[in-house]
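Each structure below is given as structure tokens.
In the two complexes below, subunit A is the common chain; its partner is subunit B in one and subunit C in the other.
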Partner chain A sequence: MNMEDRLKEKINNIIDELKIIVGYTKSNIPLRVNPIFIENKDEIKNLIFNNLCINNLATYAYTLSQEIDGKIGIILKSCDTKSIVQLISEELINRDKIKLIVVSCSGVIDYKKVKNSLSGAEIISAKIDTENINIKTIDKSFNLKIKDFYSDKCYWCDIYENPPIFDEFIESDVKLSVEKKLKYEDINEFEKLSLKEIFSFWQEEFSHCIRCYACRNICPLEVCKDRCITQLEEPHWQTQKITANEAKFFQLIRVFHLAGRCVECGECQRACPINIPLLKLMKKVNKEIERLFDYKPGLKIESKPPLLTFKKIEENIKEDKIV
Partner chain B sequence: MSISEKIENKKDKNIKYITKDTISTGNSDVKIVAFLCNWCSYVGADTAGTERLRQPENVRIIRVPCSGRVNPLFILKAFDLGANGVLVSGCHPNDCHYSEGNFYARRRLEVLKEFLPFIGIDKRRFTYQWVSAAEAQKWQNLVINFVKRIKEINSK
Partner chain C sequence: MKIVSFIKKENLKSWLEKISKVSTIYLPIHDKKKDIIDFLSWTDFIEKKKASKDDNDERYEINLIEKTKKSPKYIFFPPTEKLFEFEYKKDIDDPELVNIDLKTSFNDVINIYIGDNNKKNKVDKKIIFAIRPCDLSALKKVDIFFGEGDIKDPYYLKRRKNTIFISLGCNEPYLNCFCTAVEGNPFNFEYADMGMIKIEDGFAILKLDNKVKFLIEENKELFENKNLENKYREKIDIIMTKAVEKIINYWSGVTIDDIHSNIEKNFNLDMWKTISKKCISCAACTYVCPSCYCFNIRDEQKDLKGERYRCWDYCMNYYYNLEASGHNPRSEIYKRYRNKVNCKYNYNYKRSGQFFCVGCGRCIDICPVGMDIRESVDKICRAKF
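What follows is the complex of A and B.
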């Protein structure tokens, strides 16, 4: 029995105790999957799980637990459980209210990378098995290897076989085998640029921003969407203008509201319609927090976010001496 | 009280004080915004004035209840509106009027300071310091040196 069947069987066994189950299903768009909300047994056959399931379904955990009485089941990849750990440790969701069906992941495909490799040709259909992606464009067909198109986060993932939290665990048929990369490699590289270059890089990137707020809406940890300070009249933090400065300031609000909380699932960057490298900002602030407070978000339920606590003597903080 | 009501009550009223008017300093070329805590640094700066210690006129002071009140976004907003430098000052660690506000502030502001170069702002443009109510002389030195530092960065 392959993994998808085992997943369906497991869901079949536990669906009676759950009000709703969130999972993945086929999408009409090639190389994409859709979320599905299952309430009764005959919908289970629509479930799928494969290397295209890049979406982080933990995004639904907070809203569903607010709206629905009763237990919620969520199908998650190992890396997505970090978001749930963070939500529970901040007491935003109740551990007893959710059932985590965790799937040991064998890497996910970044469809933006696939699209880029085809140099802009429109994909008509795509088929995927355990190793290959077969793609048909209007005039050609391609046979690509999955291992070339893993999402960036797979390269530093170290929890794909041992998630920090789960109720049901389903092992995958194929093991993830990638050449590990250092997590902050790209950040270190970027920091070597001069201040002027960095400033103009972000100015250029954010001048394309249309302020659709997709990055905010998809984030599993931004639970204050309906009263976001960027849309408040009083105090008036931001205008509705679409300029590079306003867009940048909006991202900085996100960065500081997620400092020490962001689990780097990469959903903001994936949802961005114009491909602004938003994860860079998040990774930088997490890198500093790891260095200063020796803390990694999303691994332990008991640990407190570093900015909500303090030590009387901070060993790693070097204060600026002016006087 | 529900979470949403709690958030409603915590609305940031102070942000309206950070406007282009607060930040403009007449003809002076260097603009510095200082957030001072009500109990130590603000009194320290006041004492410096009473003692007639000469200070550069580039600094615009915004009084906050505690250095723990300073949201990192205040500083970013000040930079966004054209400040050349931002200074936050509060009670010395262990001397906070609210006993631990400045410990939280220290963590937050340190993260902000290390983050600034990543968006292209020199991290020396921002500093946080501890000045007590009695340290008028320290406040004077702090302002003089900070203005000097910002002028140096600007002239590069």
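What follows is the complex of A and C.
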């Protein structure tokens, strides 16, 4: 039995104790998958799981736990469990309310990368197996290797076989085999640029921003969507103007809101309609948090995010000028 | 449609260059580094090209084949627009009296739209080049909102005035396109001043209004006019039928009347909740939509000075519906999504007899969670109440 069938069987066994199950289903668009909400047994056949399941379904954990009275099942990749750990450790969701069906992941495909490799040709249909992606465009067909198109986050993933939290665990048929990159390798590289270059890089990126808030709304940890200070009417903290500076300002608020909380699932970057590399900002802040507080988000339920608590004396912050 | 004229591929650039001297021309430009295609003015394009000369490959290029990321509506209806500035001034003699000083170009704006064309108020000609027929018909719908009815919007109409549309037929519609399902056609040149179609080695002009004839007549050497019908007619016919065949008919068996009446009839259906469950209520679909027109107006003031501006707003926004009392009639996502679908397929249909969706498919392309408006409408239409 392959992994997908094992997953379906497992869901079939546990569905009676759950009100709703969030999973993946196929999409009308090639190389994409959609979230699906399963409430009864005959919908289980629509479930899928493969290397295209890039979405982080933990996005729905908070809203569903608020709306639904009863237990919620969520199908997650190992890396997505970090978001749930973070949500539980911040007491945003109740551990007893959710059942985590974790699938050990063999890497996910970044469809934007695939699209870019075809230099603009539209993908008419796509089929994937464990190693290959077969793509048809209008006049050509391509046979691509999955290993060339892993999402960036897969190169830093170290928990694809041992999720920090789970109720049911389903092992994948194939093991993830990527050349691991050094932690924060990309950020260290980016930091070598001069301040002026970094500034003009972001200025240029945010000049395209349309302030659609897809980055904010897709984030599993941003449970404040409808009470966001950038949109509050009273008090009116930030203007609604859609300009590069305002977009940057909003993004910086968001980045600080997620400092030491972000589990780098990359959903914001994926959701961005104009491909702003938002994960760079997130990683930079996380890097600093790790340096200052020796804290990695999303690994332990018991630990508190450093910015949600305080110590009288922080070991790595010298406050001699103040004291 | 008769083939009026023909321009070779290699002549296109010099033609564009020439007409860019008489008027501002907007055309779809591909930013290869960011992989974004959007309408840019010719001067911006040249400037950006110069600035990016250090990059090895050509970063900016004209791209007439692919769909633009954003719709061209932002040329006429910018994301943010200052309406006027104001300043409170205290009367020195009478401290209780406060005057407001308005700094505005409003009178100019008004004069232009009532047609007072003295020299000072002359609006430059704008040419929108290679606009898709779906985007153009969407602009006509935005026109209805801003320009018809009792209250007209001078700011929009000022930008919209003196615009020439050169439309380029859609030879290869995308998988997510569904213009034929909403009364459109990939070669609908009804609203265009000039209609072109791409054939292998150039562009055939199928529609030419009298008022834009000068664009061709002034550059006669770049165009061919002889023996066009024999040479290209067959090819054009093949392209046209192929394109229409490629568009998937998603709503087979559902008529236009069914759509708006069923959506209205099924307003209270529980299905709205299930179809919108995955929606994260962001603005991506609204802000790329060519026919969405909602905006918000605000005063922002620092000390005694301030300005009034308007900027895009979106109906999936929680605050869009929030009332002053604190009550929110559309506090849940499904209510907002239901309103959105109704706005596109029902309310505006009742108002103007047209769907406010042109089937460009941008909202489907862009949605991070795979909401598909075709699917939603299909499900609602086929549901039994």
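Of note:
As a working rule, the second predicted complex is superposed on the first by the 317 of 323 C-alpha atoms of A that agree within 3 Å, B and C clash if a C-alpha of one lies under 4 Å from a C-alpha of the other, contacts with A are read in each partner's own complex, and residues count from 1 in each chain.
We take it that contacts are C-beta pairs under 8 Å (C-beta built on N, C-alpha and C of every residue); 3 or more make two chains touch, one makes a residue touch a chain.
Because the structure is a prediction, the values reported are computed rather than measured.
With subunit A as the common reference, subunit B sits beside subunit C without any clash. By the touch criterion defined above, A:E191 lies against subunit B but remains apart from subunit C after alignment on the C-alpha atoms of chain A.
Of the two partner chains, subunit C is the only one touched by A:T59; subunit B is not.
When the two structures are aligned on the shared chain, A:E233 is found in touch with subunit C, with no touch to subunit B. When both complexes are overlaid on chain A, the residue A:E131 reaches neither subunit B nor subunit C. In the superposition on chain A, A:D158 contacts neither subunit B nor subunit C. By the document's definition of touching, neither partner reaches A:D294: not subunit B, not subunit C.
Taken over all C-alpha pairs, subunit B and subunit C come no nearer than 6 Å in the superposed arrangement. Residue overlap on subunit A between the subunit B contacts of one complex and the subunit C contacts of the other covers 226, 232, 236. Here subunit C touches subunit A in the complex through residues 34-36, 63, 65-66, 69-70, 79-80, 172, 174-176, 274, 277-278, 280-284, 286-288, 296, 298, 300, 309, 311-314, 317-319, 322, 364-366, 368-370, 372, 374-375, going by the rule given at the top. Residues 4, 7-8, 11-16, 71-73, 76-77, 80, 93-94, 100, 103-104, 106-108, 110-115, 117-122, 124, 127-129, 138, 141-142, 145-146, 149 of subunit B touch subunit A in their complex. Residues of subunit A touching subunit C in their complex: 27-30, 32-37, 55, 59-60, 116, 120, 122-124, 138, 205, 208, 210-214, 216-218, 225-226, 231-233, 236, 239-243, 267, 270-271, 273-275. Within the complex, the subunit A residues that touch subunit B are 190-191, 195-203, 224, 226-227, 229, 232, 234-237, 245, 248-249, 252-253, 255-256, 259-260, 281, 284-285, 288-289, 292-293, 306-308, 310-312, 314, 317, 319-320, 322-323.
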